[in-house]
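In the two complexes that follow, chain A is the common piece, with chain B as its partner first and chain C second.
This part shows the complex of A and B:
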């Protein structure tokens, strides 16, 4: 496997650039302060990235942020979807992350059991 | 709290992001001859004053902001010093911060490397437009990745593209799979 292979991705992507351009529709913001990492936030982030890759979710990005002041509910994930309230998920795990991808990001219905806050 | 090297790196990386860095260099190397494991994270973020840095180093620092910047620093320092290693933090306001830690590799309490593949992937693809460089060399495994170099191959395709994520998972996985003797 070589980095040159990235050029093939570029050639394919540039053909359907209209699909990939523009701001992401979904931003998954993961709390990666020290206590978040200690609670497993890195594995949660990996699960989101893995699902984005597998499901080919070109409109979704993952970003990280420092602590969120809710240490008892970590790992914390905020789902920012364009024109929708921000949904905050707490006590996330690898499996819960994959479920949030399938049900909320792909199908549009938040996984209410894991929601700890909704804000405009 | 942070029980493996990958999580320490992840923590230092988040500190660099919180410091507003545009460029972050992550290095992890094993030197068998010197029996040393060393890691460093260097950023060009806002840096720290001498007082702030001393407070962070000692673990007395508690920010009133929502960020828990620096909480992992004393954990890393204690781990390194416990393993006959050393810890240093060099910072200048407006110029950036470099954190370095070394461990005696054969020390019985040296933290495991952990899931480096996941950590390196996340650093590359969640950094948005920042420059991120990763240098890793341990146990016959070598990985050098730089987002500027990747961008040359990718043109306008972002590193967060799903196909790029799949490629990097495989690429990093291949290089970090332990080589058979």
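This part shows the complex of A and C:
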């Protein structure tokens, strides 16, 4: 192994432990209350994780929260991007999750059809 | 799919003996049972620090810190936190000072007040996974050294950093490197001193267990700087986990071309071997350690010649402490100016300490040099438990001394501690409260040195034994004021005529307590009392007639049947002539009816 090889390994390895640094740019918060889970929040979470993995987005983490009292719009997902307002998406599905990753997290434009709230 | 949760399971030696492996297994099965195997990753790390609170879990990305976790808690943690995102409040660290539950590790004063440089990877990476070490910039310093620095430049960086040896004496590390580089020899050796024999010290163990590659990397950089091809890591046999993790790390480094022939394909060759010591304290002394590596009995020899001229197999040898080695990669990567920006002018950088004794948070901590004892004890250590008052702080183990409470604002650095008659030592900090007897503490450490003396020189072998018997006389209430003078005289002789540091420093615990707590010595010899009520010969156990409820617990607990009484018919009585002052009755009494009274046993008074 040469120094360049070491550096390549490091690049990959850094991504692998990025969760522990606490400096993620994007936090995808999935509503995992009882009603959220019943409405399919687990599938939505898996879709986010899968898409984030495929796109190798090391600056993005997925966390959960309890129910937020908007049972009619579950599954609910909040997108927290550093220095940007919080965007809340409702009635999420597997496909919608993948679109949010592509358009909002990667390209920076919220998918307005699914947005139910924007908070500062 | 990436993991969304990293669950760090502390697998330092203390947590391992607290059955952290059972917790890990229980978590693993609960994770599988909930179908979360692809989402949650368990990572076993080195020591996180607060050893008494183990087993400890640290969950990222939140940074939630769980303490005293049992296998029975695993299911709740997985279901509530990992699945539903609701951290289990009852298991989170509750900061006793702030009286609040810390949602995140960052909110805990114990962590927040520390500055982790050497221990930056301890408790945050898997020490058995080379990739994780590399992720933190591991082996980058070595790569930089081998490809872009000349050996002399590296020595200059270490000189400029003003790093001082962390093994105790604080000798300038760069100077030692320079001497070893300039010395003539057919071969040169690098040695890592991981003997760590002082009671109350386990800093080096934490680093070896938690980040073994950092030590190997530091040694390899030095090997290049001084032109050595071979190194030894000396570890005591009582550290099996450290040995295992070092072995794994060495194998991984060799397999990846980071150790052995042609390191990082630069043509440079260096390899290390582990040497396991039997655990004698004197084997930590560098010349004894070298003899032990050579397969001889671990006995010190006179210096000069110093190891940098004549060390292992008579060849120039560079020997540094584990923690010293752990600093090297950071200094090479971040520079001497950065290093000097931490700590104090004369003692730059950080220091790792092992906190023990009468302190709320025991364990391993790292702080900048110059941090005061007050910050260390009150803020990081969480103060003295049970509302007791601080009496003194013992640093430097058997070679060190006691700093009385009034000096608690002393900044910790080599010079300040020395001025107070104490010693930085390797980092053991034992906190003593009002219930500790300073004569007893001095006796404890002197007895340790006396037992560990290799016997080569008379002042150390016989002198410490004589001092010990005087101290025994004093704690038995049979001492005289003349004994104090004699202690002083013996101490002076032993200090100036012993061959090695063990003998030279053995009287220090006695001298420092005689200096700062002379009244306690006088009290023992003049009135045969021990106001801390610790010296067995000078206390009596008595039962308070009014408080006794005749529950019979004390009678059952007494190993020598010194207690008499009938259940339900108070009061019970203790027969002084039979009592051996073991204190078991005191410990078991639910009504605080057993009292410790000052004063000799009555029959002693008659005799004496």
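One rule holds in what follows: the second predicted complex is superposed on the first by the 99 of 120 C-alpha atoms of A that agree within 3 Å, B and C clash if a C-alpha of one lies under 4 Å from a C-alpha of the other, contacts with A are read in each partner's own complex, and residues count from 1 in each chain.
Quick note on the criterion: a residue touches a chain if its C-beta (ideal position, glycine included) is under 8 Å from a C-beta of that chain, and two chains touch if they have at least 3 such contacts.
On a predicted model such as this, the values are computed, not experimentally measured, just so you know.
By the touch criterion defined above, A:64 lies against chain B and chain C together after alignment on the C-alpha atoms of chain A. When the two complexes are overlaid, the chain among chain B and chain C that reaches more residues of chain A is B. By the touch criterion stated above, A:43 is placed in contact with chain B alone, chain C being left untouched. In the overlay built on the shared chain, the residue A:88 is in contact with neither chain B nor chain C. Once the two complexes are laid over each other on the shared chain, residue contacts for A:35 go to chain B alone; chain C is not touched. Shared-chain residue A:16: touches chain C; no touch with chain B. In the superposed pair of complexes, A:55 makes contact with chain B only, with no contact to chain C. In the superposition on chain A, A:100 makes contact with neither chain B nor chain C. Under the contact criterion defined above, the residues of chain A that touch both chain B in one complex and chain C in the other are 1, 3, 6-7, 9-10, 12-14, 17, 20, 24, 32-33, 37, 45-46, 49-50, 52-53, 61-66.
Residues of chain C touching chain A in their complex: 1-6, 8, 38-39, 60-63, 83-86, 106, 124-125, 131-132, 134-140, 143-144, 146-147, 256-258, 264-265. Only residues 1, 3-7, 9-10, 12-14, 17, 20, 24, 32-35, 37-38, 42-43, 45-46, 49-50, 52-58, 61-69 of chain A touch chain B when the two sit together in their complex. Note for the complex: chain A touches chain C at residues 1-3, 6-7, 9-10, 12-14, 16-17, 19-20, 22, 24, 27, 30, 32-33, 37, 45-46, 49-50, 52-53, 61-66. Within the complex, the chain B residues that touch chain A are 1-2, 6-7, 10-11, 14, 17-18, 66-69, 71-72, 75, 115, 118-119, 121-122, 125-126, 128, 149-150, 153-158, 160-167, 169-171, 174.
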